[in-house]
Amino acid sequence: EQSSAGTHAGASLSAFTIFKGKAALIIEPFLPKYVKNLNGTSVINRKGTMFLKFMPAIGARKYDYQKKEVVALNATELGCLISLDPNESCEFVHDPSMKSGLEGQIKKTLNIIPIPSQNGGYFFNLTVNNSILKTSERFSLPVTKAEFTVMRTAFSFTLPHIMGWSQAFAMNQATNLQFQGDH
Amino acid sequence: EQSSAGTHAGASLSAFTIFKGKAALIIEPFLPKYVKNLNGTSVINRKGTMFLKFMPAIGARKYDYQKKEVVALNATELGCLISLDPNESCEFVHDPSMKSGLEGQIKKTLNIIPIPSQNGGYFFNLTVNNSILKTSERFSLPVTKAEFTVMRTAFSFTLPHIMGWSQAFAMNQATNLQFQGDH
Amino acid sequence: EQSSAGTHAGASLSAFTIFKGKAALIIEPFLPKYVKNLNGTSVINRKGTMFLKFMPAIGARKYDYQKKEVVALNATELGCLISLDPNESCEFVHDPSMKSGLEGQIKKTLNIIPIPSQNGGYFFNLTVNNSILKTSERFSLPVTKAEFTVMRTAFSFTLPHIMGWSQAFAMNQATNLQFQGDH
Amino acid sequence: EQSSAGTHAGASLSAFTIFKGKAALIIEPFLPKYVKNLNGTSVINRKGTMFLKFMPAIGARKYDYQKKEVVALNATELGCLISLDPNESCEFVHDPSMKSGLEGQIKKTLNIIPIPSQNGGYFFNLTVNNSILKTSERFSLPVTKAEFTVMRTAFSFTLPHIMGWSQAFAMNQATNLQFQGDH
């Protein structure tokens, strides 16, 4: 399975993709899922998150979605990115097998560091070390100030949705609107 | 009743919780409630607010929700937090028994002061003095820049909801959409 | 007709009020109104605006709503307030009788100037000169940084509503959601 | 066809217009369009964009909508404008005939550069060179800090809509609200 610039396999309605020479970065929010428990109360079944998916380039404007590596950022990690100053860096270390038998076998390290020559641009560097498969993947994607501003704006917009606040407020408003229609 | 990290008794759909070594902070918005008066007009029955709930740690990653202390912040106090500069502090003093016979007996002081070693981080210090029970509770919770950015973003999002503007606009839009469907 | 702090005659669901010693300031958005023209297209019947209403104090925590003076700010004037730096001032001069026979008879001048002792606070000074009645009213209301942040946040939230963008987007989304329900 | 200030032919519900002496600038968002494919999945049929339409003045407060020149900005270009510092400039070069037989024949260059005497104001300069018609149109429109703040706020609001995130979230919320109503 291959992809070319502008479109790629696995694209969803809400994906934002940054295509660069050696890799592409797909950014895609995942909202919390709700279920009803036995007494009828809504509870969160799966937490919201922001997926950052890195795909390697396999030719001019072609990317391999099958070889993608994914990092899932939580609310606080998004907060870190939103407030990142031009000279600041941040690092997130994830273990996708946490609390399972494979804990510690896979380590994903996402480093966001300023691009020296650019004011407000950052390198998004992802390293995935897999002790089981004895593999190590590395992505380095330059993100311009304009692209980072799109991320920042979209992350700020998404944060209340990922936290479940937007959903809770919408439920409250729907109740009040119904109440408005009852008179 | 005890709670462990990630979940705790009393959690709601829209709570955001910061778990630290000695205490946890639950942040939870409460939207205004509306009722209809005799001539059919909607009026606000209870004002919106932002609850900050502090729980003491009672072991590794365990918190006691029964011993929580709560501060309710209004729109202007949220405005103070949203615009707090890295070197600024702010203080809110509340009397939960204001205008009752117990006025002046309980004093809650919430101090938000910069963490010296961290750029953009703050200590959230809550002191609750109860003259009746002769007790004094104190919480001190370090909040990182990333966590404070989540708060700031969530508070900015919530402000128009707490003020009732979001609800009023949604009612207006619902009317216009209905009007749109009528042609 | 008189008002006391916290409530006042003429309050609406979406009013935000700042009560001070000599005057109070009610801030209240007014969304655009739509009507359908003969060929079924929605058109704006009245533009959206932000009302700033000044009421004089007539005793301890009492304000006279009948003696209020009102200024209506448009999108660009809100943009001016939203982006005001701590050392900047701005001034809006309005003639409510523009393009009528009374043009030039009433002049409303709203001056927003920094409070010298406060970082981020402003005086909201309104002068209303009426040549017909030979009257001159003057209000001066100190607004703290926290209160101004509430304004700024609420104005930013309201701007797309006043411009009609929010409404147009909601109509578009409603169409798409209906379309979603059709499969 | 001619237009006068405040209204102009071709105005839509969500247009924001800046009227100046030599030209006017109409800013108008266009949301993505969705269609259903054969297996019932929604796909984006046409991407969202922000239209900047320049009209020449043809008299006092009159503008010629027929002689307008249009530039369509994508998400990243909006990100560039949103994060523009007072001393920064940016430039977008567009070829409306890209990938067609006329590629390279028309070149639109939008330059946004600081107004020297104003802190936070910019000139919006558009040059359209047409090699086929041997024409060259040039617009230069001064935008104040207040007007640019309206743009910035409206662009930040619109970005998640143009990216399709707002629509995807609304669909998700509608599903959850329906689910809420089912108990």
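Each chain carries a letter (A, B, C and D) given by its place in the written order, and its residues are counted from 1.
Operating definition for what follows: a residue touches a chain if its C-beta (ideal position, glycine included) is under 8 Å from a C-beta of that chain, and two chains touch if they have at least 3 such contacts.
Just so we're clear, the structure is a prediction, and the values are computed from it rather than from any experiment.
Colleague: To the nearest 5 degrees, please report the angle of the rotation taking chain A's Cα atoms onto chain D.
Modeller: Angle of the fitting rotation, chain A to chain D: 90 degrees.
Colleague: Averaging each chain's C-alpha atoms to get its centre, pick out the one most distant from chain B.
Modeller: D
Colleague: Do the two copies chain B and chain C share over half of their interface residue numbers, or under half; same or different?
Modeller: Looking at both copies, the contact residues mostly diverge.
Colleague: For chain A and chain B, what's the span in angstrom between their mean Cα positions?
Modeller: Inter-chain centre distance comes to 27 Å.
Colleague: Let me have the rounded angstrom distance from the C-alpha centre of chain A over to the C-alpha centre of chain C, please.
Modeller: Whole-Å distance between the two chain centres: 39.
Colleague: Quick one: which residues in chain A touch 2 or more of the other chains?
Modeller: Expected reply: 34, 42, 166-167.
Colleague: Would you identify the shape of the chain contact graph, picking one of line, ring, star, complete or other?
Modeller: Ring.
Colleague: Can you list the chain C residues touching chain B in their complex?
Modeller: On the chain C side, the touching residues are 12-14, 16, 29, 31, 34, 36, 40, 42, 120, 144-150, 153-154, 157-158, 161, 166-167, 170-171, 174.
Colleague: Considering the complex alone, what residue numbers of chain B touch chain C?
Modeller: 34, 42-44, 75-80, 82-83, 90, 156, 159-160, 163-169, 172-173, 176-177, 179-180, 183
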